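These are the structures, in structure tokens.
The two complexes that follow have subunit A in common; it is paired with subunit B in the first and with subunit C in the second.
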Partner chain A sequence: MNDYALEIKNLKVIFPNEAGIVRAVEGVNLNLQKGECVALVGESGCGKSVTSLASMNLLTSPPAIVRAEDIRLCGESILGLPDKKMQAIRGKRISMIFQDALSSLNPVMTVGKQIDEIFKRHSKIKRSEARRKSIELLKLVGVPDAETRYKAFPHELSGGMRQRVLIAMAFACEPEVIIADEPTTALDVTIQAQVLEVLKNMCRMKSTALLLITHDLSVVANMADRVYVMYSGKIVEAAETYPLFTNPLHPYTKGLMASVAGIDDEAGSTFVQIPDTLPNPMRKPQGCYFNPRCKYATEKCKEAMPPLKTLDNGRQIRCWLCAENSN
Partner chain B sequence: MDKEILLKTENLNVDFKMKDGLPFVKKKFVRAVTDVSVEIFRGETFGLVGESGCGKSTFANATLGLLRPSSGKVIFCGKDVSSLKGAKLKEERRRMQKIFQDPAASLNPRFSVLDIVTEPLLIRGGYNKEERRRLAIEMLEKVGLSEADLPRSASEFSGGQQQRIAIARSLIIRPEYLVCDEPVSALDVSVHAQILNLLVDLQREMGVTYLFISHNLAVVKKICSRMAIMYLGKVVEYGSTEKIFSNPLHPYTKALMSAVLDTDVTHKKERIILKGDVSSPVNPPAGCRFCKRCPVAKEDCEKVPCMLEEVETDHFVACRFINK
Partner chain C sequence: MNKFYVLKRILYTLFIFAVVVTLCFLIPRLGVEDPCSRYYPAQGNMTDEQFEYIKELTRQQYGLDGSVWSQFIRYIGELFSGNLGTSYQSGNPKVLDLIADRLPWTLTLSITNLLISLVIGVIIGTYCASKRGRWQDKTLLNASTITTAVPAFFIALLLSFYFGFQWEIFPAYTDQNLVSSFGWNWESISAVAYNAALPVISMVIGGIISYAQSTRDSVIAVSNENFIITARAKGVSNSAVLYKHTLRNALLPIVTNVGMSISGLIGGSVVIEQIFNWNGIGTLFLEANNTNDYPLMMGIMIFTSAFALVANLVTDLCYSLLDPRVSLGGRR
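Moving on, here comes the complex of A and B:
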């Protein structure tokens, strides 16, 4: 028996519409060990959020059609569970933190009430006990003056505070897995640093597995233990953070890393760019999806999609060239 | 130094009166921009950095004559723009343009690309249809689009291409001064580099001066020759980008720089993590505005006003512990 906190096997999500079929996720395999922080990186529209929503059974069907071999939470299959059962799991054993805290909080309810609600929903405790626990949580995530903030409405808090409240809510029932979808994209740099620190400490303290969905590679470098790079619905590279950042193999990963401007870069140097943009999900190119933007593309790349190959050191890569070179 | 000053502000203040309040009660003001005096030279890229709500965009709008300053002057090419009105202001504004953060929201979805790009020419007047079309094609080619895109509507394009259209629109009347208000923040990471390189190339070709507003310090370091860092409406550090990055002096600048995450996994940096949030710009303290979050603040920082002082050539800092 392995001790995966979350295991996604061969997940496929499609959205049919009048103009054609959008293949948002095409056979993604992903796993999280207990207490591990794994990042899922990619550009907008590459299917990272859809992957997370599908694994929490949050996509409405229709329009979405979700197929998977299995989705397991700590060894138990949660694929295709009825809504009632799924509701008992969401928030208690797996929870989510969203990008825009203002729109994921109820504007007409105090934040304290909203945290209490989670306790009420998942455990049979008294109201006064729930209140005590909520205030304790707010203190844990670094909300100053937690007793007064407990009675505050979301609009009375700043962006960073609201994000902390969301983190507190996600950790309320001490779930095994937390999925954080772009948790700091809407925040300023100095606040981003604070919030990431809180998230990191909370995960370490409660040994929660964190699936971090982001497009910001610098956040990944500072938070994640392992990284999956996604492109146009497929995983193109998976590796541990250190080897991935010191030696990216896939041309797309290389391009992404190079295009991030670093603060230690020389002034006046030009920005490294990946030409063109993500392909239209309804008209994906033949062969490797990255081939029209890849400067190393060969004839073979234009004909067939390379398989996701596991190298000797455990890294996975989907590229004809890299797979050959390493052998 | 024989650099020509294109735009200069002198003790620029922009206040917004708050609506609520009872009669006879002292009115509250949001001091969005306070005592900002900077000089922007012709042909350079001037970076403006700060957290949201610190007054970057308000400052930019005041320099464009879109907001009337409460006091102080904006001098553009030797003329005081802030006191101009009506036709005269319009005349000056032809030499300035702005591009926005979200290209999708700044382009009319019902217009074709031709309509969008030629609209500034129509407003200026004096061009016939043929000329407008010819200029539009010329401009589109410069930003990496083609004649075939003219009849398409803006919503058919991707974010990066939409930003290219917005750039073409703003540069078609050959402005001297272009405000870029977070031009890449709404775009994908892999597209950032394309747009930034385009802006750099266009500047080299057309000699336009940029006021580049950003919260990404790494980008500012790469493309700006001079910069200002703002906190709650005041400039805390100002001068040559090279000097500020090699020798950041203000505690806020230091914190801001250390908060920038990078992709370097080989060695971990020691970070200064600031406590608390940006305080409210309503009736701010008379002294240093950063005092509530400042790691080195003393008790009287709140009261003693601190002014920008030159510590070395083209490097100004507003902190009493650094100024001699």
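Moving on, here comes the complex of A and C:
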């Protein structure tokens, strides 16, 4: 039962405002086994980041209202923990890597100080010891000349270095779970590959469970053991990476896969696009949220939201059509 | 620090100073009245020629003979040797001595004002930022609308009327023996505080609210930054997030504000000083103005602007110590 490093049960997040209620996350179930890398993919605005922030209790409420059946970290419930207790867990047992490394680092503090801060907060060690460990960490994530970089300010580092610093910070206390929220979107492709490599190696070395939030399918293929596909606040498909890429079931996942440029694509061939955009979170369509954009949509799809159905091979899917086909 | 940037900044400051000196010299001379007229003796039974001669002697005595250009050259020469000239006041005191006598009184008012405004303003601003959108925050917004619209001298007049004349809680006019009887003892100092109460309060009201408003805006802007979430995700406690991450960044623009206030420390309270008859530079300047005392007017203007320029220069150079991103002219 307690095999999961992180288990999110029926998470709901809403943001009420004057114009109405934004249902950002609608009953997401998600789990990570120890040492596993799980990707959460979806378009911008589908609720991926909100899910991650909510599970770390980092959403400010008001305005956010967070409800869940349970959120468990290695079997212990961390849902609704008081601020003080949650602070002791954050950074130590579950930590986070953010996407825009420049704005995610304090501009007036040296990166060394910012890493030290975690040691100071979570383990009672001397300043000199914290410094030694920080430099060691920087070396570990592949920052060259770590002693000098330790004293650098964020703006003095390159984008890739800054992202490595964020990774170093996340791994500082060797947490059980790391949530990486689009860790490579702000980087160019070569640096992206290096940073992913660092992330992958670190996870393997420390056997950390990684929840990778991204919209970049190449990153998913490269990193993840399992994938959750999210659409408009709901999980629409969950599967292991290989079967998902070779045989996507949900029309939305199919659309995502088709929209990726392949190496075998003929020159001049056009991308297949998913028409239209995400529904307005305040006025989601009746029935399946994807139906206005789905070319297979039937009358049934316009009437009722399909349940998330678990297939015999363990795959999960939220679609009337696929559920019928597989039976 | 980049030496070239510092040098450039200093040269620029000197250039501005030269412009200021020229303007300070020219502006009083645009007046139509002959500044010496009040010092000429009555013509009596002198012939016009004799009277002209007497007038010329008088002008020489006051340094107003010859063309404006030659006066300017003379003035600049004196300025280089650190001499701001002699006042036309009886006894012909040195301008610099007059300023030195009055300066501590003005600084007493303005520094007290700055410190109180800054400290209380930052505290209130930070508090209101944490109560964003609630009644405390809204009160601050309304108060700042009012104090921006109502000038300090109006507040001063109200205070003077009610607290000074109606209820007689504080003196509406500064006690004129305050200066002559001053000594470094408790009695004198408390007398100064008592007399300074109304002028300081009238400046401090606007000051506190303006610092509170800018602190509040700045704190809110910074707390929406990504690095604040990073800090919270590291498990940093709320108070450490506030002091080490939010305030450290939010107070950067406040330092600029303080720098600008410092440049106004001498010249900023002319009207308030006049209302409460406070024995400072502002009152001295008005006296000089009313008696066409050119050297004194120029002296005060030049001294005030030199102070402002130096204050700005120092603020600029200090800023790089606080914000590492400002690398003085950009090394890259």
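In this text, the second predicted complex is superposed on the first by the 325 of 327 C-alpha atoms of A that agree within 3 Å, B and C clash if a C-alpha of one lies under 4 Å from a C-alpha of the other, contacts with A are read in each partner's own complex, and residues count from 1 in each chain.
Please note the rule applied: contacts are C-beta pairs under 8 Å (C-beta built on N, C-alpha and C of every residue); 3 or more make two chains touch, one makes a residue touch a chain.
Because the structure is a prediction, the values reported are computed rather than measured.
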- Judging by the criteria at the top, classify the pair subunit B and subunit C on subunit A as clash or fit. fit
- Scan A:N222 for contacts with subunit B and subunit C and give back first, second, both or neither. first
- Task: Scan A:V272 for contacts with subunit B and subunit C and give back first, second, both or neither.
- Result: first
- Task: Scan A:M96 for contacts with subunit B and subunit C and give back first, second, both or neither.
- Result: second
- Would you check which partner chain A:M161 touches, where first means subunit B only, second means subunit C only, and both and neither mean what they say? first
- Once the two structures are overlaid on A, work out the angle subunit B-subunit A-subunit C from the Cα centres, in steps of 10 degrees. 70
- Query: A:P107 contacts which: subunit B (first), subunit C (second), both, neither?
  - Reply: second
- Item | Shortest span in Å between Cα atoms of subunit B and of subunit C, once chain A is used as the common reference | 5
- Contact residues common to both interfaces of subunit A (with subunit B and with subunit C): none
- Note on the structure: Residue set of subunit A touching subunit B in the complex reads 43-44, 144, 158, 160-161, 188-194, 196-197, 215-222, 241-242, 245-246, 255-257, 259-275, 277-278
- Query: Within the complex, which stretch of subunit B touches subunit A?
  - Reply: 51-52, 158, 160-161, 188-194, 196-197, 200, 215-219, 221-223, 241-242, 245, 255-257, 259-266, 271, 273-274, 276-278
- Which subunit C residues qualify as touching subunit A in the complex? 225-227, 229-238, 240, 244-245, 248-249, 252, 322-325
- Parts of subunit A lying in touch with subunit C, wherever the complex brings them together: 53, 56, 58, 83-84, 87-92, 95-96, 98, 100, 103-109, 117-118, 121-122, 153, 155, 166, 169
